[in-house]
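Naming follows writing order (A, B, C and D), and every chain is counted from residue 1.
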């Protein structure tokens, strides 16, 4: 579909809040055309079929936070090619390409803001940057966001979207699973809530570390969430996977997530939840 | 089988260490005749088929503890008929009958002793007393044994054998599930190990309280262990239960017990385990 | 001579039969059931208001239309955010929970939910939880402890689910762990038996600082039918067993097992859910307010002491 | 011209094929395999001893007859009491553990166990754990913490098991919880990668105070075959991927990911299991002795700091 391709090509250049030049977009699920103005007003959920269109990090911030409340924290930490990784393309070139495409140093955007006036620290993974893969920068920025939240006494929300750990940093990226876990412990010690929002797709090392040790785990409708990817599993079991396997609703049924929440209701859900979980001091 | 019945009738009167007048016993599993002297020397495990013959509390003490090391703690707490329970027989008459049969106030025997020189506090349920049912006396004596272990710094071993809570004490017996749990917490606070040894049968309220919150859970081969009894489950699912369902080996396979240990190896197993788990002070 | 009370019993039996059929076959028989239920309600309202026998109270605790846990939550709570799953195996609809505001006070709710119509009753296994339910309860208690939320647990179950798979996944283990977790909480815990309090499955979320019970609820180590089956090999002797078991709210108050009996509207909670909810709401809020003054250590040690002393025995010198 | 090394590679490939067949069909082919394995061993011993390439090290880490975790335990521990089960669902033979004396010192062992013959390899899924394995590990770590037992974890897995049921029961959740539990321990934790250290499945029991690795073991975010499949769509390019991934012991030491490389006998640990075990035993005992001097708070904060700082990045002002 030409328009579908066009939409995908256009999306990364769209900055939230700027005028969107193209008038309409084809929904990748139901293939219906939707006015861009309606999409943006409706949190990028297809008004025809409810499909949750993938967001880049800036769109996610726009959808979640009160308008104008965002103050960015991330941006100074830059990736390096510590292993001098030999690939079909140099890692440094891959990075430069992804940086140019997304306008960020790596697959993460963090900052502070409010949701219906509730102050939060927010970290958002950017799937548009190298499939949201977690390398040293993602790990470091998530750790800093957690430490910022602990230091400033705000809840932390992490929005995940990741194909897993970043191969080009090998064991260094693997270690980010531990690093993020260490940093999140500071929130537990201060009794501050940490909520993860799992979006399509969240797999691999992210699923096996910070994404799933949240106090409350929320998933977006239809999101693919798992540790091993569907193809690897299929190779292991040599049979087709059941319909809906590893989707958000499947995980809810299997007890793995607390709720599947429509993107249009996430602000209200999170504000109420964080209000309820804000620690009241247990005397002595 | 006449001998089988005779064996069952004789057993409660046999005192450990005294001469056993009858020469042999028929194994209830393989129906072979076994010399009583061999049975007693072999921890009442059938030397022909390995069947673990049910023990009363005194026999259990004899099998587990170093000879002559047992000092009894229980015996002063006596049951009462607080509900004036209306049954086909008065609860007080039932109690008197069971007391006469077993020579104890209720279905529990506790004390201290050593296993291969490791000092322990030991509580043993007596299935011969009203099917090892847990009423107020069992709960109180187990709580006191746990408190004794905590106060004297010894590990605690509880040997379970119980059809569940004692109906004739209704909600009072139900509350023993909580009472025993409270008392066991004192061991956790002092870093002392608590090992439960589940023997045939252990079901109902005992399984759903102190028996299964032990640091290490050991089961005897072939023991029936579960919360709901097999008949109740069969009524619910209206089909036959699989071979071996709720047996010790089944529970091991389902991750519920740490080990199934032959009675003849339990002393060595427990002494080694307790030696390893005895808390070394973590400095500061 | 057919007294009105016998017509009522007859109708109640038919309703029960139909519900069993619906459960067995998975068919929705509400169309047939609802008129019968309405007539049962009408007859019950018309009954004379003598103090009910123990067995009559058991029947009131099971009355068609008796408010379920969620009926109280609907009337007393705002912002109830149900949190799902044990993070290990599944999500149990028989035991649910999450944070909420109880008459304005932030709490963590634990609810045994029987279901309100035939379909949801079947889905929720009439409030009989699987191990997943108790493991979810433990997880929610962990959150309550971490965030300083008092726990309000509404007990309403005939018992834990006696299924083959429940045993495979450690029903006894799950209940024991839930009891231990609740006993160790550093936050206030108030329990209310709002209907049936059956055995370990009820106790699993019943070991709080204050245990309350509604006037016509029951709480026992075994159901009257179960006891009758054991004693007389005849479940229909349940009325006799109910007497023997001393399972009513006044009995339990006398035995020191509950702190307070919460009054119900005339004829039972199902006659006026709003009034029943007002009484439950008031009692829980009052106890929460009292407990709010206690520190974490006191809450835990007082709760432990409460259960450490329960039981009836004598002692020889 | 067929050099000996090619004969070796050919034979190794045949052994692998037969093992795959044995796994698929469930047949025991040891009778056919063992002579082949012996010949492989002989040829390997005869190889020239130049410093192995990265890919050669990967092959040494997978060598037939390389000591498994239990081979080290047999040689270094007395009184190993294996404790079974996660108390929730099952017992995983791929990840086992329990208290033991490590050269006399009481410890809690966590072992990824691949299996020693075809049958046990299949039973243990070649050391690829299910969620139950990681949940058992968490339970054993709880016991270690409670009783002050240092944890010794031997890592040897290509990764967590990528099965359908493993996903259903929360493989990612179980690994994350295991990582968190180990990071929070108040006792010393020493990890040794004794063969393969594949991805999150290895890290799950790999986050201790001291991470050691044997000379020919590998540790990486992805297996060489996995990386080759992604980069070149061709798993046979694994030797290239192994180079790119910097997955050998010397690489990891340089990156600060491990504290120490434990030497292996000439030709690899499988050439002399006793000698390999002596080196592992000595190194672990030495680190345990050093850590014994630290208090609980220091052990936890030092461990946290160790992992907090890992990673490579620059920072703009």
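Brief remarks on what is shown
Convention: contacts are C-beta pairs under 8 Å (C-beta built on N, C-alpha and C of every residue); 3 or more make two chains touch, one makes a residue touch a chain.
All values reported here derive from a predicted model rather than from experimental measurement.
Set against one another, A-C and A-D show the most C-beta pairs in contact at A-D. Note: centroid distance chain B to chain D, computed from Cα atoms, is 41 Å. Between the Cα centres of chain A and chain B there is a gap of 53 Å.
For this pair, chain A with chain D, the centres built from the Cα atoms lie 31 Å apart. Multi-chain contact residues, meaning those touching two or more other chains, occur in chain D at positions 87-89, 169-170, 173.
Within chain A, the positions touching two or more other chains are listed as 212, 254-256. Pairs of chains in mutual contact: A-C, A-D, B-C, B-D, C-D.
Interface of chain A with chain C (complex): residues 188, 191, 193, 212, 215-216, 252-259, 269, 272-273, 275-284.
Residues of chain B touching chain C in their complex: 76-80, 82-83, 85-88, 135-137, 139-140, 143, 165-167, 169-179, 181-183, 185, 204-205, 207-213, 226-228, 232-233, 235-237, 241, 245-246, 254-256.
Chain D makes touch with chain B in their complex at residues 79, 81-91, 98-101, 106, 132, 136, 143, 146-149, 186-187, 293-297. Note for the complex: chain D touches chain A at residues 160-164, 166-173, 175-177, 179-180, 183-184, 199-200, 203-204, 207, 219-222, 227, 230-232, 240, 243-247, 251-252, 255, 257, 304, 307-308, 310-317. Note for the complex: chain D touches chain C at residues 87-89, 131, 135, 169-170, 173.
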